[in-house]
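What follows is a pair of complexes built around chain A, which joins chain B in one and chain C in the other.
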Partner chain A sequence: MLRFTATRLLRAAITIVMVVTFAFVVLRLSGDPAQIIMGADAPPEAVDAFRTAWGLDEPIWVQYISYFGAIFSGDLGRSMRDGREAIVLVLERIPATLALTVPALVIKLALGIPAGILAALYRNSALDRAVMMFAVAGFTIPSFVLGLLLVLVFAVQLGWLPSGGQESWRHAILPVITLGIGGAAALARFTRSAMLEVLGQPYIRTASAKGVAWRRVVANHALPNAAIPTVTIIGFMFGSLIAGAVVVESVFSWPGVGRLLVTAVSNRDLAVVQCILLLVAMTMITANLVVDLLYGVLDPRLRGGARKAEA
Partner chain B sequence: MLNRRSLLIAPPALLATPALGQSDQRPSITIAVQKIVNSNTLEVLREQSNVGERVFYSSLWEGLIGRNWMGNLESVPGLATEWRRIDDRTVELDLREGVRFHNGDVMTAEDVAFTFGRERMFGGEAGGNTPLFQQIPAAGRGGREPPPEVPAVARRIWPALERVEIVNPHRVRIVNRTPDVTLEGRLARYGSDIISRRGFSEAATWLDWARKPITTGPYKVAEFRPDVSLTLVAHDEYWGGRPPLRQIRFVEVPEVSSRINGLLSGEYHFACDIPPDQIQGIERNRTFEVQGGTILNHRLTVFDKNHPTLADARVRRALTHSIDRQAIVDSLWAGRTVVPKGLQWEYYGDMFHADWSVPRFDLAEARRLLREANYRGEPIPYRLLAGYYTNQNATAQVLVEMWRAAGLNVQIQTVENWAQIFDRSTPRAIRDWSNSAPFNDPVSSLVNQHGPRGQQQQVGEWTNEEFNRLSGELETSTDRARRRAVFRRMLEIAEREDPAFTVLHQNATFTAKRRDIRWKASPAFAMDFRPGNWGA
Partner chain C sequence: MTAPLVSLRDLHVSFDGQPALRGIDLDLARGEALGLVGESGCGKSVTWLAALGLLPGKARITGSVTLDGQELLGAPTSTLERVRGGRVAMIFQDPASSLNPVHRVGTQITEALALHRGITGAAARAEAQRLLDLVGIPDAARRVDAYPHEFSGGQNQRVMIAMALAGDPEMLVADEPTTALDVTIQAQILELLRALRRERNMALVLISHDLGVVADSCERVAVMYAGRIVEEAPVQRLFDGPAHPYAQGLLGALPPLDGARRRLSAIPGGVPEPWAMPKGCAFAPRCPARMGACEAEMPGDIPVGPAHRAACLRVSPARQHAMQPA
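Let's turn to the complex of A and B:
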C-alpha cells in the first residue's frame, strides 16, 4: 500500500511540474505580459519600465529557473496586475467558487445517480426514455446557453431570482442549477450504462436464479460493481470543484476562481495563472488518488495483495 | 435587492423619494460595466484606460482645470477658479477656497505641490531588474514607492515639469523647463488631478492608497473589490453642492447579455458598453433607452511602412482611398457615430482644421495608385486582435472586401494579444488602433501617438523626418498661427503623403438605462453624477 501511494505521489509531482512548465511556456511565448497588462495605449516607456521591473526582459530560461526556484522555496509569486501575492488572490476566490460547485455537486449526485439507476432498472420503458431525453438535453446544452435561458425565464420574465452577482444566497440559485443540471445529466448517462452492463453479467443471473430478492440483487451485486466507472466520473467532478465553473461564473458575474483565471490568462498574469493551475492539478490528482484507493475498496480484485496473489 | 417589480412600482422613487436609508433619502444606483478598471487600482497615474475614465470622472478625481463633461469637454474652472499665463513656461492658478478632501481636510497649495511632486508622481530614479514575479511593486520605502510604470506615465504627461511654486496658500505656479502652450491642457487632462497629501502619507502602502485615493470628487470610495465591484458614497462636503446620489455601485458584468438581462430585470439602473447591434432590441421596450454617442477617440487603421509592399507610399494611399467609411458607420454603427475630419477634434479650438477631411473614398484613384506602384497582388498581412474594439471583427472583414474591390490582397491574421500584434519576427503591415486626445491640442494625439516618442515610431512601424521635426516645433512653439500651420502639414504627411494611419470613424460608447431616470450621458466615457445631471 505504501509503495502504491508513493508511486502515485511521484506521478502526481511529475504531472504538476509538467503542467506548470507547459503553462509557463505557452503563456510566456504567446505574448509579452508587459504590453498586455499595460494596454495598447500605454506609453512605451511605461511598458519598458514594467518589463524591467518584473524581470520580463531576462531570457526566458532565466525567468523559468527563477520562477521554479521561488516555487520550491514556497513562494508562488505575485500578481503583475496589482502586486498582491498570487496565492492570496486565489484563496480569496475559492470560497465563492465552492459556494457554487459544492451544491452543484450535491445536485449532480442526488439527481444523476438515482436517475441513471432507475433508467437502467426500467430499461426501454417510458421512464427510461424520459430520463435519457432530459439527460441528453442537459448534457448537450452548453452551460452558457442554459444559464442565459434560466436568467431570461426566472430573472427577466418572472422576476423571481437575480440575474447575476453574489450579494445573497438567492444569487447562487441559478448558477448552481446551471452547473448541476449538466453534471447530473452526464452522471445519469454513465450510471445507466454501468448498471446495464452489470445487470447483464452472469453473476446477476446466478443471484436471481438462486432466488435472491431482486432488491437485494441490485443493492448487493449490481450497485457496487456499477459504482466503479461512476466513481471515476465523480472523481473528475471533485477534481473540478476549484475551476469547474469558468463559463458559469462569467455568465452570472460570480467572482470565483474561474473568472480570476479568465482575467489572469487574458492579462498573462503568470503567477496567478500558475497558482490556479497548481491548485487545480493538485485537486485533480488528489481526487484521482482517492478514486484509485476507492477502486480497491469497491473491488477486492484491484487491491495490491489480490493482484499479487493472482500473479 | 431591487428587482424588476419594485422598480415598476416605484420609478419615481429612484428620482425623488427613495427610502433606501432611514435618514438619507437620496437614491442609490447600480451600474453594470464590462470592466471597472484594468489595473485593479483607482490611481489615475496607473489606470490609463477608457474604463477608468468612466468611474473616475466626475465622481472621484478632479483637477485644477476641469472639463465640461456635459458640454463639449472644453476647459472650465475646477479646483482652480482662475488661471493666467505668466510667461511661456509658467501658468499661475488661483485655488478654489473651501474645497474639502474626502478625509475632511481643506485643500491647500501644499496639496497641489505634493500632487506634482517626486514622492507621488515621479518616484525615485532607482530601478533595475528583479526576478520574475518576485518584485513587490510598492516595496520601496516600506511599500510607499509607486510602481515603476507610474513615473513613466507621469513623465509622459509632464515631460518637462520643473516645479510647482507656492505663491500663497491659495495660489500656485506651474513652471515648465521649456516653453509650452499646452500647459493648461495638460493641467486639464486625465492624470493631473489633485490628491490629499495627508491621505497619501497616511496610507500604509502605495497599493492601499491606490485602492482608496483621497481626492475631492463628489463621491468617495467606500469599498473596492477588484474585478467585482466598486462602491462610491456621497462626499457631502463637496464644494460643488451635495451630491444627488447616496451611493453609486459599479459592478463588473463581463457578458453583454448578462448586463442587458440585469437591466431588464431591474437589478441594474444602468448597463454600459452596449454594442450598437443591441440598441434596437433594448429600445423596443419603451421602459428603456440607450444614451451615448461619440467620444474623444478615433478608430484607426495603422500601417507599417517597413513591409516590402507598404514601403511604397502609393500602396498605403490606395488603402486609404479604398475605404467607404460612411458605409461602415451606417451599417455597423447604425449611423450613431461619424466619420471625423482626420485625427483631430473640434475641442482643439483654433487648432482644429474644419476644412480637413479623411482621404475620400475613390476606387478609381486607388486602382491608379496601385498601377503606378506596380502592385501585383502581393499578400498584405492584417493582424487582428479580434474583439478588442467594438465591431472590430465585422469592420475588419468589411475593410478586406473593400480593399479587394480596389485590387488589394489583404489577409487577416487573427492574433491573441497586443504583444503578438507588435511582434517583429514576421512581417507586419496593417493593424487596428484607436487614438484619444487627452487634452485639447494636437500634441495630445498626433505627436504623442505618432511622433518620435509615440507608440507607432517606438514599435518601429513608421517614421518621417519632416514629421518628426515638426513634432518638436508643435511641442515647443508658442506662435499659435505657426503651430496651426505645422499641425496642418503634419496631417498632410501622416494621413495623405506618407500615410502612417488612416482614420476610419469616431468611436462611440452606449449606455442603456430606464427611460424615466433623468440623466444625460456625456460625450466621453465619463459618467457625470454631480448635482445638475440627476433628476433635472
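Let's turn to the complex of A and C:
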C-alpha cells in the first residue's frame, strides 16, 4: 500500500512538472508578453524596461529554472497586469466557478446515473430510446451551442432568466443547466453500457437461478459491478470541477476561473495562466488518485495482498 | 410408475421467430439421474433455462413444465423464485464467471440460505462453512470469507455446488459443469455430484456434450438434436444399441475402450440453422440411412424397447427386434 501510494505520488509529481513545463514553453513561444501587455504602440524603451523588470530578457532556460525555484519556495509569481499575486487572483475566482460546477455535478449524477440504469434495465423500450436520444443529443451538441440555445429560449424569447452576469442565483441557472446536461448525457450513456455489460454476465443468471428477486439482483449483484467502470468517468467529472466551465463561463460572462484563464491567455499573463494550469493539473491528479483508491474498495480483485487459490 | 418430479410436455422456445426448441417431452423421476447430450446449440441448456423462466424476455415459450404437478410456465414470479434455488438448483459451465466477483463466496451462499431456509446471521455463516466443507473446500472456516478470484476453477465449481445445495433442492440441473475444467478436476467434480446425489436422493440433470461424462453418472440419457429429443433410453441400452442414426454417429465418434482399435467416424455436415430447418427430420440431410419419407415429415417418437424411444422412421418393429439384447 505504501509502495503503491509512493509510486502514485511520484507519477503525479512528474505529470505536474510536465504540464507546467509545457505551458511555460508554449506561452513564451506564442508571443511576446511585454509587447502584448504594453500595447503595440508603446515606446520601445518602456517595453524593454518591462522585459527587464519581469526577467523576460533572460534566456528561456534561466527563466524556467528561476520559475521552478520560486514554485518550490511557494511563490507562484505575480500578474503582469496588476502586479497582484497570481495565486490570490486565481483563488478569489474559485468560489464563483464552484458555484456553477458543483450544482452541475449534482445534476449530472442525479440525472445521468438513474437514466442510464433505467435505459439498460428496459433495453429497447421507448424509455431506453428516449434516454439514448437525449444522451446522444446532449453528448454531441457543444456546450457553447447549448448555452446560446438556452439563452435564446429562456432569456431572449421567454425573458424568464438573465442571459449573463453573476448578480443573483437566478443568473446561475442557465450555465448550471448547460454544464449539467452535457455531463448527464455522457454519464447516462456510460452507465447504460456498463449496466448492459454486467447484466449479460453469467453471475447475474446465477443469482436469478438462486431465486433472488429481480430487484435484488439489480441492486445487489448488478449495480456494484457496474459501478466499477462508472467511477472512472465520475472521477473525471470531479477532476474538472475547476477547469470544466471555461466555455460556459465565457458564454454567460460568469467571472470564474475559466474566464480568468481566457483573459490571462490572451494577455500572455504568464504567472496567472501557469498558476491555473498547476491548480487544474493538481485537481485532476487528485481525482484520479481517489478513483484508483475507490477501485480497490469496489473491486476485490484489485486489492493488494489478495490470498491466492491454493489449488 | 409413480408420478414424475418434473414433466416437460411439448416445450417450444423461439427467439425472434427462430425456433430453439421444437417440442420437448421429458419426464424426470425423484432421485433419478438423467443425462442430456447433444452438440452445442441443440437446446440442452435452453430446455432447463426455459423450464425455470430464466430466459430473456424476448424468448417465446409454449408447452408445459410441471414440478410435482404444479405448472411452472406462466407461473407468478414469486412461485418461480421459490422454486429456483429452492426445489430446483442449477450450476453452470464457467464457474469463475458464474460467481459474482465483488461478493465473498460465503455471502453468496448465505444469500440462498436466507431466501430458501430462512437462516441468517451467525447460523447462516456456520451453515455456509459446513456446505463448503461438504463439497471439499479445504479450510472452509477461513475460505468462507474469500472472493471467487481467490479460488481455482475447480474450487469455484465446488462453491457453486455448495451454493446450489444451500436451498436443499430436490433436483439439480448441472449445465456442462466440467467443460471448463481440467480432466482430473472434472473427474473429482463428477464424483462429488454422484456422492451428493446418493446421500440426498437428489434428482440430477447432467447436461453435457460428452457422452463419457453422462455414461458414468446417469441412469438414463436423452439425445438432443436441433431442438428435439431424438432418442431416449437407459444409459446401458443406448450404449449397447443406439437406434437413431445421430446417436449411432455420436457413439461411433467415441474411441472404444477395449477390443480392436478402429478408425473413429465423424458425422458429415453440420446442424441446420434455425431459419433453415428442414420440413422433415432435421438430421435427414446428414443421415446415412435417409429415405424419401424422412424429408417429407418430422418423425414422431417410436418405441424401440422398454423405456427406449427414438424419433426415426427407420425404427421399425423388425429393427426393434434386432435391437433387443441377446
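Rule of thumb we're sticking to: the second predicted complex is superposed on the first by the 306 of 311 C-alpha atoms of A that agree within 3 Å, B and C clash if a C-alpha of one lies under 4 Å from a C-alpha of the other, contacts with A are read in each partner's own complex, and residues count from 1 in each chain.
To be clear about the criterion, a residue touches a chain if its C-beta (ideal position, glycine included) is under 8 Å from a C-beta of that chain, and two chains touch if they have at least 3 such contacts.
The structure presented is a predicted model; accordingly, all values stated were derived computationally and were not measured.
S.K.: Putting chain B and chain C onto chain A via the overlay, clash or fit?
M.R.: Taken together on chain A, chain C would fit alongside chain B, as the superposition shows.
S.K.: Chain A residues in contact: does chain B have more, or chain C?
M.R.: Partner touching more chain A residues in the overlay: B.
S.K.: On the A-aligned overlay, A:Pro224 touches which partner chain: chain B = first, chain C = second, or both, or neither?
M.R.: A:Pro224: touches chain C, not chain B.
S.K.: Given the touch rule stated above, what does A:Thr206 touch, chain B (first), chain C (second), both, or neither?
M.R.: In the superposition, A:Thr206 touches chain C alone.
S.K.: After the superposition on A, what does A:Arg129 contact: first (chain B), second (chain C), both or neither?
M.R.: Neither partner.
S.K.: According to the stated criteria, A:Arg11 is in contact with first (chain B), second (chain C), both, or neither; which is it?
M.R.: Neither chain B nor chain C is touched by A:Arg11.
S.K.: With the two structures laid over each other on chain A, which partner does A:Pro162 touch: chain B (first), chain C (second), both, or neither?
M.R.: First partner only, chain B.
S.K.: Going by the contact rule set out at the top, does A:Pro255 touch chain B (first), chain C (second), both, or neither?
M.R.: A:Pro255 contacts chain B only, not chain C.
S.K.: Minimum Cα separation, chain B versus chain C, post-superposition (Å)?
M.R.: After superposing on chain A, chain B and chain C come no closer than 50 Å at C-alpha.
S.K.: Give every residue of chain B touching chain A within the complex, in rising order.
M.R.: So the residues of chain B touching chain A come out as 1, 3-5, 38-41, 48-49, 127-138, 147-149, 151-153, 155-156, 207, 225-228, 251-255, 257-258, 261-262, 264-267, 388, 416-420, 422, 433-434, 436, 453, 455, 458-459.
S.K.: Show which residues of chain C lie in contact with chain A when the two form their complex.
M.R.: Those residues of chain C that touch chain A are 49, 52, 54, 77, 81-86, 89-90, 92, 94, 97-103, 111-112, 115-116, 138, 146-147, 149-152, 154-155, 160, 163, 167.
S.K.: Which residues of chain A touch chain B in the complex?
M.R.: Within the complex, chain A contacts chain B at residues 30-33, 35-50, 52-58, 63, 66-67, 69-70, 75, 77-84, 86, 148, 151-152, 155-156, 159, 162-168, 170, 250-253, 255, 259-260, 262-263, 266, 268, 270-271.
S.K.: Can you name the residues of chain A that touch chain C in the complex?
M.R.: Against chain C, the touching part of chain A is residues 201-203, 205-214, 220-221, 224-225, 228, 298-301, 306-311.
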